[in-house]
């Protein structure tokens, strides 16, 4: 059959995908074309929605972000049966995040979780430990920043993260809130939990960074901007996804060999822990596919251990199959993955499964509330209270 | 609407036979208009009606065809709480919407104002005779020629607080005392968007105004020179009134565009409440949130608001639709 | 070759009546000139004949056939516009050939011959490859006439073709047109002008229009010698006829006395007295303007040069048989 | 020629050229910066420089070699050109009717056309998508050519109507007497006279079509049918979050250059007083 | 009131020399008319005086002061343009008042009075509220003149102000201008025309230009009676002077013989023989065009009406003392 898979994969990723598809074609005799999409996830999501709404038969398999499958669940085929044999190999939390009302709407391809990047050279120079709590990090960052500035680098900052009002801020803020034991905005059972003291505390803490250890401009940073500051050597700490690791070690990078990663710091309080937002990508099959069986075959192939292993080796993508973290080949190619296993174990899913089609709006309300607090429009507790009311409105009787 | 009384022979034509010439012209006019109208009906009319229809339903993108008619519910609905207080919901009482309206209007006003002023200056410069005019004319179009998504990103890059060249330039020239996060802070976000938009669309204005300037006879400037009219006054008393028709059309289209502004803001400051415009909000509801009907209602209202503005503008500006002959 | 008949033609633009009921017959091969003051409807009438404007009521006949609804291009007319109306982007040749190329089945060679013949006739052969903007006004107007000629029309319409030309060219082109008419005496020509000299020199018959109505139709000499009204009398002839009202006219048993400048003689026993207010020497003749208590100064035309000073008092007499007498309604008393 | 006069004149000229320089610098600077950036790679991208420091064509190479960028360029050229030709064709005929023929409801029609351009593109996206699939032109250049008329047509119609009104009536009448039909009048008499307006609006419409992103993204689904702006958005770094600035800038430079050349070619037409000589004056 | 002196004025547009060295003095209060064929540089010269065009070399003096670099508005001039140059968006009143409202401290009432006076003078009072496009060409040009009058200038510049007026109005306006000049005899007037009648009737002195150079300067009668060249002789006087070369001229001991139409008499014993090719009756006089073997037909001007038919053969004689003789260089032999 002729299949097409739409993918927001980027440069090398696309080439990799193509190489795997070649294999698939060889194995099965199907032909597969890739429909590439811009890397902007909002663009992709909007397109998918439109295509699916219009019953576009041209696309068989979609590459979906972890948070999308629940929102598009109605338009995707249930893969539960088809994947019955392989589901067990994956991290259960990931499978859970792709399961809506008992239907498995997408199979995971790889996962993603952020880490705290820190400058080994600077910590060494000032004789500091890798911080394990936000408070420690703040203090260390402040101290090193001040010292470095005094030493003649006026552009030095303590910590950069993703502060723009967008999905990335939801990720960052979820980590703060969760690390302070403030829940995960909407709990798995659908209760709105965000308006609590710990959450407020976490966000207040982040707000205190702006203008002190983080630049004002951080409020507009997405991944690349923060990486820019970091990679120029102008930040002590940096929160980002694994991609920044290999880039930071690029040949022309000023921070090459001068940094390492650690789990994100923990908060303070009763349920304090380190938390990392769960990212990652999956494959879903359109219910408008004209050859659903072949399409499912393709999706499962792309999620298979073989492909995941190749992916881990070639692309440094984190596998969703636990076994692969012990695979010698994988660890030989990407030794840092060992670090990430720990990070990944602390991963928190965004509340897309419980909020279903409303997730994007929930997320938007959340990041707006956080962004407002960070920019000094109202205190965290005020904003969270409003947020709770808005979420309650949105929820109505049920999500 | 500025419908002029049409003192045309055709109006009084009832009694007499139309001449072959007039018939031929009217017939030709019909055939000339037909393809355009068909094209517009398909490309705009149908989708537009669909959107308006959806705004009265509870459609979502997951359930486009099973949508149910809910009347004005997306615009305004109310429920009486147990306590007896009436609770209004819907677009008309949505603060986010009105914030977007305000942002859009603010944006449209300032951008079009500046584009008109700067476009006029540029057009006047281009209208003068000087060496290298062609090169300048081409140079001026560059901003317009760069795809919006690219220029928005480019400016985002240049406006970046840490490695943006504009902050660096500002600091070097002593215009800034510290690096400013232009797109990040609510106070400057709108300014940043305006700067980029003005930079980008002034060439459009300039070119249309230039085309208008070229139609002004040169000799009346000589008459004005002799009358001792100062060049500045010449501009206001002569040039301006005479390019008005061209200017009005240019402004109309710019205003319409500005009121629908989408991609620039979507790329530059996608989620800042200080710059979120009606289109951006509508897109959010249509495609990001599961509120297709609500988004359609926003689009429809946006359409109505723009229409109201246009009619007001045409009415206030006394734009002449007619004036052709026969 | 066509005769044109206008039967109670009216034309209004919206509520403004511009042509208010015109009856006129233009004979085959005749050179008819419409004159009248600005805004009287000359151009409009011409455009009604051309078919460019719709007739509001009345009938227009070409060779006895009603053409009210016929398209201009089918009336066998050609038109020369005051503003040349050349196609700026076409060469002279293309301008002249344009109409022909639109007719189907025209032979290219044939077109070329016709254009060249017309170009020769008007001495614009050298300019055939030029664009209009590379020509002087006179040349442009000749091209416009040439364009009309190549169409070989039955009816030739001119709307003030000379008014943008300088004096010398105007005279020269006027003679061209007169020759043209002699050469194409089968072709009916209708010519609009406000210059009475053109009217006098070119016309077989002149039609004087006033405010949308015909004031008088006749040969130039008829109009000059026997004007049907003060209006015509004042319009035809240069300098303008002097009109004297009041007591002086009463002496001649009329309400207004009309007397042309060339029919006034300065002599010591002149019956009227006037003060010189201005003298114009044109070389061959001279005009003396006398203040005589009339509304306007009275003009006396003299042969040769006049050497009167302003303020000088002169006596003049009209030549007895050259006096025009008008009643209170402005009609002539004969 | 007094000295003071010369001085004043000199200052005026100097000020004028200063203004020209400011205008040029402001318009070109971001583009210049884009060119500068397009020669950089890696961490260099994050460094502010005013002059070229390194010179590497690597970005251009990768843009032109990787993927189907040349093909996308061709698509864009084709789509934008056809869009402009179509829009101009429809608009010229329509504006003749709208500016030169009296008929009832003319201003209403103009208003309607204007109304079309009032609707946000976002809002017609879904409906247009249906129409395009219904017509069976999805994922072909025609889908874009067709959908672009929504913003090129009202604009060109309006502008051309304004301009056509200004053309002298006598020329049209001369053509009528010559036996020209409205079609002949438009094509052989008016069009050559309207060069400035045609080129100006054509250029603006061309750029509009050239730069359009949303429709191009939505109505095409393969690399071979996409246009340049989408292709630029598709340019990507090694991973999801990485933005390949160098390549994007290189691509932008590549897509902007043809437009600049276009402007240079047509700039004489943009300013031309062709009407001179046709009518008196 | 100003005298104007031009010292070796030259003007080139790019590489084209248009004015090739003009020396001229225009006296205070004088009415100077520039005439010459189209394209000879009349308008350019006027524009140099006005300051609208920069002088390439030479000196321009107003009242003895060099004004080469003075802005037009500071020269105390007013100008009427050939192409009206009215502000299309202003009413007639505003057009006329515009220059005045710019001067500070002008009383509104005063302005109104001045505008109305000018409007009355030019009979455009009824149109004060109209826009130029609502006026006919003639009316527009009168507004342009009115606009200049209201400025009350020291130097009044006209560029063919009458060329768009109809015959009657042209005469009337010509007289208005003459009166204007008499009424404002402190005001220097420079007037460009290619109509020699205007030149003859209006000028104190005429300056005949040819191809960027002055051909002759003098009073109208000087030019009419003693032209300095064939060119001037041919240019001044209407109808144009007849030039006869060859044997007939040789009989008069010259290379070219010039004789005006009014100085030719038709008599049976006329020394020359010619065939009538065309006759024009203007009412008071008539022109008979004779084919006489010369390059152009010879025009004979007669009083009253002429009744000759085309093809008729006539004999004519020049009046002996009215003959102009020119040598081969075109200079007069006296």
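So that you can tell them apart, the chains are marked A, B, C, D and E in the order they are listed, and the count of residues begins at 1 in each.
Note that in this section a residue touches a chain if its C-beta (ideal position, glycine included) is under 8 Å from a C-beta of that chain, and two chains touch if they have at least 3 such contacts.
None of these values were measured; they are calculated from a predicted model.
In summary, the chains found to touch both chain A and chain B are D.
Between chain A and chain E, the least number of touching-chain steps is 2.
Per-pair tallies of C-beta contacts place B-D first. The rotation relating chain C to chain E, fitted on Cα atoms, comes to 175°, given as a multiple of 5.
Each chain gets one centre point, the mean of its Cα atoms, and the points for chain A and chain C are 90 Å apart.
Between chain A and chain D the centroid-to-centroid distance comes to 39 Å (mean Cα coordinates, whole Å).
Distance between chain centres (mean CA atoms), chain C to chain E: 23 Å. Remark: chain B and chain E have CA centroids separated by 55 Å (rounded to whole angstrom). Residue positions 50, 53-54, 228-229, 232 of chain A each touch two or more of the other chains. Residues of chain D in contact with at least two other chains: 46-47, 125-126, 130, 176, 233, 243, 281.
In chain B, 8-9, 21, 24, 61, 64, 163, 217, 283, 286, 292 are the positions where the chain touches two or more neighbouring chains simultaneously.
Note for the complex: chain D touches chain C at residues 168, 170-171, 173-180, 184, 188-189, 192-193, 274-281. Contact residues on chain A toward chain B in their complex (touch as defined above): 42, 45-46, 49-50, 52-54, 71-72, 74-75, 155, 163-166, 215-221, 225, 228-229, 232, 234, 357-358, 360-361, 364, 367-368, 371-372, 375, 377.
Residues of chain E touching chain C in their complex: 37-39, 136-139, 163-164, 166-169, 171, 175, 178-179, 182, 194-197, 200-201, 220-221, 224, 235-240, 260-262, 278, 280-285, 287, 289, 301, 303, 305, 310. Chain E meets chain B in the complex at residues 47, 50-52, 71-74, 77-79, 81, 83, 85-89, 98-99, 102-103, 147, 151. Residues 41-47, 66, 125-126, 129-130, 133, 138-139, 217-218, 221-223, 230, 233-234, 236-244 of chain D are the ones touching chain A in the complex.
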